[in-house]
Amino acid sequence: MHHHFVPTQYYRTIGTHPAALVISVDDTVTVECVDAHGIDRNNAQITPSGNPMSGPIHVRGLTPDDVIAITFMSIEPIRNHGWSYPTLAGNVVDPEYITAVPYAPGSALPKEYWDYDRANNTVISRGTHGRSLTLPYAPMVGCFGVAPARGEAISTATSGRYGGNMDYKHFTTGCTIYLPVAVDGALFHIGDGHLVQGCGEIGGTGVESAIAVTCAFAKAPMQRITWPRAEDDTYLYTVGNARPLDQALQHATSEMHRWLVECGADAITAAVLMSQAIEYDIGNVFDPAYTVACKIKKSLLDAHQLRSTFRA
Amino acid sequence: MHHHFVPTQYYRTIGTHPAALVISVDDTVTVECVDAHGIDRNNAQITPSGNPMSGPIHVRGLTPDDVIAITFMSIEPIRNHGWSYPTLAGNVVDPEYITAVPYAPGSALPKEYWDYDRANNTVISRGTHGRSLTLPYAPMVGCFGVAPARGEAISTATSGRYGGNMDYKHFTTGCTIYLPVAVDGALFHIGDGHLVQGCGEIGGTGVESAIAVTCAFAKAPMQRITWPRAEDDTYLYTVGNARPLDQALQHATSEMHRWLVECGADAITAAVLMSQAIEYDIGNVFDPAYTVACKIKKSLLDAHQLRSTFRA
Amino acid sequence: MHHHFVPTQYYRTIGTHPAALVISVDDTVTVECVDAHGIDRNNAQITPSGNPMSGPIHVRGLTPDDVIAITFMSIEPIRNHGWSYPTLAGNVVDPEYITAVPYAPGSALPKEYWDYDRANNTVISRGTHGRSLTLPYAPMVGCFGVAPARGEAISTATSGRYGGNMDYKHFTTGCTIYLPVAVDGALFHIGDGHLVQGCGEIGGTGVESAIAVTCAFAKAPMQRITWPRAEDDTYLYTVGNARPLDQALQHATSEMHRWLVECGADAITAAVLMSQAIEYDIGNVFDPAYTVACKIKKSLLDAHQLRSTFRA
Amino acid sequence: MHHHFVPTQYYRTIGTHPAALVISVDDTVTVECVDAHGIDRNNAQITPSGNPMSGPIHVRGLTPDDVIAITFMSIEPIRNHGWSYPTLAGNVVDPEYITAVPYAPGSALPKEYWDYDRANNTVISRGTHGRSLTLPYAPMVGCFGVAPARGEAISTATSGRYGGNMDYKHFTTGCTIYLPVAVDGALFHIGDGHLVQGCGEIGGTGVESAIAVTCAFAKAPMQRITWPRAEDDTYLYTVGNARPLDQALQHATSEMHRWLVECGADAITAAVLMSQAIEYDIGNVFDPAYTVACKIKKSLLDAHQLRSTFRA
């Protein structure tokens, strides 16, 4: 069954909030999301700023220690423009370079607006701050997750085992993400759409827009997982969220080794393969928790008779 | 002029050692390098283990505050096999996962040998430790650099502004690397060849082999740089070496902003572009200093009338 | 007015939970707290493990951006023993040393019990794990805080601007702590008593016991603060909670500079004084967020005509 | 035998330089040191700035894997004033607070001069930058160490296993420091005297002066150590040097556990004792490598029949 979900209320924490939509596992949902400032498809701010989430969506049949699979079937902007900040965050440059960055930390930040050129598949900045730039359109979802364990309700400014504000550009159309379920129904939250974003979200924003995301849900054929996992047509991914990056990388690396063992590798083979074939990406390096993804090509798993997909 | 350089002495620090070869800027040199354990083309250990370097090569005409450009014209193995350790380093997994990794830290580590299959362009592990794996051949240089400032002589187990053990897989054939010259003649050192390596060198080794690297040298058309830079056909790169990764990323990000301004962007445009278009890679996460690369596509610079190459 | 508060319900998050006790500002309260495992004065586990909190206490008249002052007037154990784990946490030793530590991460951890010898003012371990040790009795409160902003409910396993599981041994009898109020009534939570604890809580526990803490409350004469502050007879303290320690130290150092300016120093004098007179302590280094305290002697402030107390 | 050593040459790296003085183990030496800027007792700059070292002193009879003991018998200023920078370093405050600090990173830094008042045992700033401050005189040695292994020569701006620029205020008169010997004769270097310094050296300087340090040397009754150790009348200390602080703390904590086992504790008792009795201090947090000390009271070791001194 397909649902079209337009929230009447938004949350700035991911937690055990009352379900706004109850669906069956294997349903699909198109979710409308305001932008990071709570600004909607009509350019009206309808809820306070700070990554307001659509949801939670209760997925019937999912219980703690299950793993939820969310596939992004499409991500569509629901207005024709986005915006970004024309700066670099204080924490991503050397302390002695901060004063060389435009709009030093603490300054009031103006917005640079970008227009979505659907015909050419690009986004084009208006050049109010710096010159006009044209970049390939590459939509993604910055923040999504399920209710964390222990009754926590965690700000959508950060991330953890449950997902959150990871700002990882490979979380885009065609990607299936696996998250550990901590409460009945999982309670999925989503928002913070970007029309494009560099790695790290180092200015504090992507090109922020209101979006509609069509998601398919499933119960993943996995035992309890510790950190988020994902797959697309090319890669398996594991994701760690922590600060410093070193710790996020430790989480992602440990989770990949666990996963490869589940894929059929013995512990030694998994270590040898990872040493010579793994790749890392950096997600958000702006938030309290940073994001590191560890990825491995599915083709390498196939070539060695290891399981390479967990999709239905 | 072309030189073929086979060292008679190796160094395990990068420093102001006596020049082993003196060349003119714009000369090319084929340098033979033993592997990380000091084992040569004939499988004989001819010098102590620990990333022994070939060099230093004195490049006439380079003086402090110049920038040296080194282009890897070819990287060829000079024996038909390499080896790797079948483990993951203690610092790349969660502390509580260390005991689940094969050959826990402190254990004696056996070597897994790999054969180079030139016909198929692959490397194939022998399966002594875990099952046999076949990976694409992707040679790279793990460690190279120029004498650091202040008379320092720094272990080839680590890295810094002068280069060093960065283990970054895009430092391969076709890449031009820019390093800050601190002493007359630059004093270039090179070694630690890998037939393939995953990002991070997370098991402590790539597939270690003896190699011959053909390098072209030049004086780069740049003012004094702070951190290594590089370019290949697709990207401009900046590289930070430090721990934690957060600081390495700060170095690389600051250096990229400085470079884009030199490419013709104003400071605001550079910040906007970086926020939405930068990518990060992770080099070595095994050494005392970790390596982060920041990269941007040359095609984006070309599209916006920014300088995109500094090659001769 | 004095209250004696024995909870009927405990929370393992610090958040905007329903008030369990409503008091006036300037009231005092004796709060009974179970230990970190939810074990009470009668050695019965009455609530799930994981730093269960007594509270929240609603302090009438405190509103967002106020600063609450909590003075620990007394900390008394309400049973005659405590317990600790006979290990060191995986994250406080070198990765290659983890296997040398007793009860490596992931092992089932036995408890070592300690008896409180009131006559001699000591705690004495029973020697079930290792030999019997006798240490000076030095009670402290490991975890306390006020509801965070934005509707967050944060696990008592960690800490932040609102307080939390800081495990700082100078948070003991005679200390006044200042926390930023984010919700009406502040909503104070407290628990996790220790009969003694080394810096860092590096084994994951102090000597854990059920305690009764007598607290005095007040509205502090301060504008909005960013991080916790405290004072006792000897020192002013500022506290940062984050990982890595470097960031916790940045928070604490920035907050101290802000505070010294409020004490009457100009910004330059505050910097000169801090450079030559500050001290740092390390609180918890076991949790997701670590704790660093920055402190300065009140006598130095007095000697230079700077304000040195904010007590009523 | 006693020596009085006034260098004719200074080094800004700690490495295997030619011995400037050769002594017998058990000799004592009074070493004159210029300040961090190379300024001598007569206020003349006689060597380039950057922590120039007096030495190296070759101690006959010490060979690799021995442990050298250096006792600071006295530290005397050899001029009547010192200087400090009136700022806080960019890396010790929050990125968004950097612009609030006087003399932001990159600015030209003026010097604030301090006079040594021998009669009152204080140092008094002249109030050129901010108001005049009077602090207790507390001299210490900022930088000292022995030649590192592998032929490294490491800048005196940083630190490592061999010692270096640790800026730890308990390295003062009465302290005996133990360092791992890597080369014949140890090759001891020393300099960077401070008349007083806050923890962390967070402005980048203590009160910098030229000093004369009288040192006693000995071969310590210890097997090979991994990180520096020390003792004074009250404490045993272990010291880790690395970035981030988390890693420095791991080094210091591991070394303390090793040492307590050498003192007679079994591994479990050492862990229990450390958990409940250890203290941490923070040394330098300005340099490339940061310094953390772990310390434990000798009285606790004595009370439990553990060895508490390694002095001759």
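Residue numbering begins at 1 within each chain, and the chains themselves are lettered A, B, C and D in the order written.
Simple rule for what comes next: contacts are C-beta pairs under 8 Å (C-beta built on N, C-alpha and C of every residue); 3 or more make two chains touch, one makes a residue touch a chain.
Since the structure is predicted, the reported quantities are computational estimates derived from the model, not experimental observations.
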**Chains contacting each of subunit A and subunit D, listed by label** = B, C
**Request:** Look at both sides of the subunit C and subunit D contact and report whether the same residue positions are involved, with over half shared, or different ones.
**Result:** same
**Request:** With chain centres defined as mean CA positions, report which chain is farthest from subunit C.
**Result:** B
**Request:** Between subunit C and subunit D, tell me the centre distance in angstrom, where each centre is the average of that chain's C-alpha atoms.
**Result:** 32
**Asked** Between subunit B and subunit D, what is the gap in Å from one C-alpha centre to the other?
**Response** 34
**Prompt:** Which residues belonging to subunit C are in contact with no fewer than two other chains?
**Reply:** 91, 94-95, 100, 243-244, 246
**Message:** Looking at the complex, which residues from subunit B come into contact with subunit A?
**Reply:** 84-88, 91-95, 97, 100-102, 112, 125, 129-131, 133-135, 196-207, 243-246, 249-251, 253-254, 257, 265-282, 285, 290, 292, 300, 303-304
**Complete:** In their shared complex, subunit A is touched by residues of subunit D numbered 89-91, 94-96, 98-100, 104-106, 244, 246
**Message:** Quick check on the complex: what are the subunit B residues that touch subunit D?
**Reply:** 11-13, 15, 50, 150-155, 242-244, 247, 288
